[in-house]
Amino acid sequence: MDSVTIIAMVSIIMAGFTTSIGCMFPALGEGKSVATALTSIAQQPDAAPVITRTLFVGLAMIESTAIYCFVVSMILIFANPFWNHIILK
Amino acid sequence: MDSVTIIAMVSIIMAGFTTSIGCMFPALGEGKSVATALTSIAQQPDAAPVITRTLFVGLAMIESTAIYCFVVSMILIFANPFWNHIILK
Amino acid sequence: MDSVTIIAMVSIIMAGFTTSIGCMFPALGEGKSVATALTSIAQQPDAAPVITRTLFVGLAMIESTAIYCFVVSMILIFANPFWNHIILK
Amino acid sequence: MDSVTIIAMVSIIMAGFTTSIGCMFPALGEGKSVATALTSIAQQPDAAPVITRTLFVGLAMIESTAIYCFVVSMILIFANPFWNHIILK
Amino acid sequence: MDSVTIIAMVSIIMAGFTTSIGCMFPALGEGKSVATALTSIAQQPDAAPVITRTLFVGLAMIESTAIYCFVVSMILIFANPFWNHIILK
Amino acid sequence: MDSVTIIAMVSIIMAGFTTSIGCMFPALGEGKSVATALTSIAQQPDAAPVITRTLFVGLAMIESTAIYCFVVSMILIFANPFWNHIILK
Amino acid sequence: MDSVTIIAMVSIIMAGFTTSIGCMFPALGEGKSVATALTSIAQQPDAAPVITRTLFVGLAMIESTAIYCFVVSMILIFANPFWNHIILK
Amino acid sequence: MDSVTIIAMVSIIMAGFTTSIGCMFPALGEGKSVATALTSIAQQPDAAPVITRTLFVGLAMIESTAIYCFVVSMILIFANPFWNHIILK
Amino acid sequence: MDSVTIIAMVSIIMAGFTTSIGCMFPALGEGKSVATALTSIAQQPDAAPVITRTLFVGLAMIESTAIYCFVVSMILIFANPFWNHIILK
Amino acid sequence: MDSVTIIAMVSIIMAGFTTSIGCMFPALGEGKSVATALTSIAQQPDAAPVITRTLFVGLAMIESTAIYCFVVSMILIFANPFWNHIILK
Amino acid sequence: MDSVTIIAMVSIIMAGFTTSIGCMFPALGEGKSVATALTSIAQQPDAAPVITRTLFVGLAMIESTAIYCFVVSMILIFANPFWNHIILK
Amino acid sequence: MDSVTIIAMVSIIMAGFTTSIGCMFPALGEGKSVATALTSIAQQPDAAPVITRTLFVGLAMIESTAIYCFVVSMILIFANPFWNHIILK
Amino acid sequence: MDSVTIIAMVSIIMAGFTTSIGCMFPALGEGKSVATALTSIAQQPDAAPVITRTLFVGLAMIESTAIYCFVVSMILIFANPFWNHIILK
Amino acid sequence: MDSVTIIAMVSIIMAGFTTSIGCMFPALGEGKSVATALTSIAQQPDAAPVITRTLFVGLAMIESTAIYCFVVSMILIFANPFWNHIILK
């Protein structure tokens, strides 16, 4: 295997791995948050606006970790400095 | 194995891996959210519209992480820059 | 092993792997949702229509992640671009 | 190993793997659903018809993921396009 | 190893693997269902006929996933198309 | 290694593996069922005959999955079609 | 390694593996059953005879799965048809 | 490695493996049983004789699975038919 | 493989691995925190400002561990001293 | 590697493995038993003598499984029949 | 691979591994602490200052273990004595 | 590698492995026992002497399994019969 | 690979491994302690000084195990006797 | 690799492994003990001296298992008999 093939292969593997593994637990954390939000609204319907607002800020924070992974994945596919170095060599 | 075969092989593996692994926990998180929504409605039927609306926003957020994985998977199969580079070489 | 064999082999492996792994957790999530729906109906029989409707929307969302996996699996078996490229070469 | 042997070998492995792994969690999810149905009937015998009906729809949804796996398995054994391509070559 | 040996070997391995792995979780799911049935009968002896009937339908559904695995296992041992192809070649 | 040795070796391995792995979860499921039966009898001694009868039907169903594994195991040791084919060749 | 050594080696490995792995969960299931029996007797001393009798039937059922494993193990050590075939060849 | 060394090596490995793995869960199951016995005695001191007697029968049953493993282990060290066959050859 | 390829390959692998693995548990921890915040607000709506403020400080602390991983990942891709040493050699 | 070295190596490995793995769960089971004994004494100080006596019998039973492992370990180090056979050959 | 490449490769791998693995559980521990702090404030709003102060001290202690890992990681990238020894040799 | 090196290597590995793995669960079991002791004293301060005494006997029993491992470890380092045999050969 | 490279490589790997793995559970244990401290203060604000003092002693004990690991890690990087022996040879 | 390098390498690996793995569960056990101590003090402030004293004895017992591991680790680095034997040879 020559260098170009290796770098391409590794980039593909890590792009898929990073997104799939990195999206697992944010999905779980968001599921937990949403579930508790629903319980809380059912328990205290008057506090719905505060709960919903806090929920959305929290979801944004959790989603951010999934997005870090998606960003690294996209960098590896479309803006990979090692790939650029190798194919221009 | 020549380069074309390797890249094709790796792309197929990661396409399947990314979707299958990345869809596991969103399914679990959504299951948890839906389950809690049903409990909450049973507990407080009057709050059903608010609960349903919050549930759908939450499901959309969770589904988004599954969709990131599906997108990466589709990019690897149908718009793979490394594959294009190799077969045009 | 020549290229055709390798691509065929990898496609078969990933088709089975993607469906089997990807269907695990949706089944679990649906089981949880259905179970809670039954508890909720038993607890609040009057809310049965709302609960059932929400349940079906939720099941559809969860089933969608299983279907992503099944779709990737079918693409790998019957519409695999890498396979088409290799056997036409 | 020649190509025919490899494809046959891989098809056998994935047929067994897909069915066995893919049937694990539906069985668990159905067990959970049935268990809750029984608790719910014991708790609210009057709602038995609604609970039973919802249970059967839910079981059908969960069973569907097990059937996806069984279908992929049967395709790999009896309608495998890669196998057909290889033995006709 | 010649082709006949490989196919025989792989068929034996997958026959045992499919049955043993695929029977694990149905047993667990059935155990859960039976356990809940007993609790429910103790709690509401009057509903015993409905509970028992629902239990048997549920057990049949869960058993079906174990039977899929057993069927695949028997196909691999006694009606394996790849084996037939190889030994008739 | 010649074919006879390989097939014998694989048959021995899978016979032990199938029985040992396949008997794990039925034992657990039966333990759970028996445990709940005892709790139920203690809770509602009058329902003992119904509980005991339901328990035995349930145990038979669960035991059946263990027996599938034992059957596959015995087939592999004493009625293995691949072994018969090889030693008669 | 000649055939005799391989078959002997594999038989020893599987004899130990089958017994040790196959005895794990029956022990756990019996522990659970005995524990619940004790709780039930403490809760309802009058039902002790029924509980004890049901317990012993249940233990016998659970023990049976451990005995399947022990039987397979003994067959592999003392009545192994593959070993007899090899050393008489 | 000659045959004698291999058989000796495998026998040592499996003797240790069988005892260590096979004694894990009986210890856990006995711990659970003893723990419940103590709770039950504290809850219902009058039933102590029945509880103690049932406990000892149960411990004997659980211990039996550990003893199966110890027996297999001793057979492999001191009465190994494969070893006897090899060193007498 | 020459040095440049190896270092590039390893950097890509670790960049993806660090972000994906390192973002898993912060997402879970944040999910837990947000969930508890919602429960607490529902339970004590008057304390919402204090709860929200404490939540945001806590989220920042948890997010910081995810950011450590993202920083290491970015250093490995864009400011890798080993890569600079190798390509300038 | 000659036979003596192999047997010595394997004996050392299994001696350590057997003791370390085999002592794990007895320690856990004893911890559970002791913990429950303390709870029971706190709950019913008058039953302390019965509880303590039952605890010691139970601990002896659990300890016995740890001792089986220690015995096998000592046999492998100081009374290993395979080692004796090899060094006297 | 020459020494420089190996040391660089290993340093990159461990830098990523140490940070990603070492940050997992502090994030979880902090999540737990923050979650309990919020529950405690909701339960006893008057004790908020003491709770917050204790929380921050605790978070600092937990964060310190994450920082140990980050420090080791930075030492491996920017102040690695083995790397300095090798490149100066 | 010559015999002396192999035996030394294996002895070092197992000495560390045995102590580290074998000390894991005793620590957990003791933690559980101590924790329950504290709860019990808080619940029934008058029974403190009995609880403390029982606790110490229990801790000694649990510690004994950790000490078995430490003893095996010390034997492997300082009184290893295989090592003595090899270096005197 | 020469000796210097191997020792350097292994030292780097273990330095990172020891710190990252060894800091995992102390972080978890501290998180648990801090969390309980907060609950206890909320429940019994008057006992805050005693609770805080006991918490800090406990945290110091737990932190000590993390510090053992950090110390071993630093010894391996900056005061490694094997490294000193090798580079002075 | 010569003997000196191998022994050094293995000693470094086990020193780190023993400390990191062996410190995991003591940290967890201590965390549990400290947590319960705090709950107990909050529940029964008058018993604080007895609880604290019992806690410290318990922590010392648990810490002792971590110290066994640290001791083995230090012996492997600074007083390794195998290393002394090899470098003096």
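We just call them A, B, C, D, E, F, G, H, I, J, K, L, M and N in the order they show up, numbering each chain from 1.
By definition in this document, contacts are C-beta pairs under 8 Å (C-beta built on N, C-alpha and C of every residue); 3 or more make two chains touch, one makes a residue touch a chain.
It should be emphasised that the depicted structure is a prediction, and the values quoted were computed from it without experimental measurement.
Trainee: Suppose you hop from chain E to any chain it touches, then on again the same way; how many hops at least until you reach chain H?
Mentor: 3
Trainee: Mind listing the chains that sit against chain E and also against chain N?
Mentor: Output, common partners of chain E and chain N: nil, no chain qualifies.
Trainee: As a quick test, compute the distance in whole Å between the mean CA positions of chain A and chain H.
Mentor: Their C-alpha centroids are separated by 48 Å.
Trainee: With centres defined as the mean C-alpha position, give me the chain A-chain L separation in Å.
Mentor: 43
Trainee: With chain centres taken as the means of their Cα atoms, state the distance from chain G to chain L in Å.
Mentor: Inter-chain centre distance comes to 30 Å.
Trainee: Per the centroid of Cα atoms for each chain, what is the distance between chain B and chain C, given in Å?
Mentor: About 11 Å, centre to centre.
Trainee: Please list all residues of chain K that touch 2 or more other chains.
Mentor: 1, 11, 13, 15, 17, 19, 21, 24-26, 28-33, 35-37, 39, 41, 43, 55, 59, 66, 73
Trainee: By the document's touch definition, which label belongs to this structure's chain graph: line, ring, star, complete, or other?
Mentor: Graph shape, chains as nodes and touching pairs as edges: a ring.
Trainee: If the ring is traversed from chain F in the direction of chain G, what sequence of chains comes out?
Mentor: F, G, H, J, L, N, M, K, I, A, B, C, D, E
Trainee: For the complex, give me every residue of chain N touching chain L.
Mentor: Residue list for chain N touching chain L: 1, 3, 6-7, 10-11, 13-15, 17-19, 21-22, 24-26, 28-33, 35-37, 39-41, 43-44, 46-47, 50-51, 54-55, 57-59, 61-62, 64-66, 68-69, 72-73, 75-76, 80-82, 85-86.
Trainee: Across the complex, what residues on chain B touch chain C?
Mentor: Counting only chain B, the residues touching chain C are 1-2, 4-5, 8-9, 11-13, 15-17, 19-21, 23-39, 41-43, 45, 48, 52, 55-56, 59, 63, 66, 70, 73, 77-78, 83, 87.
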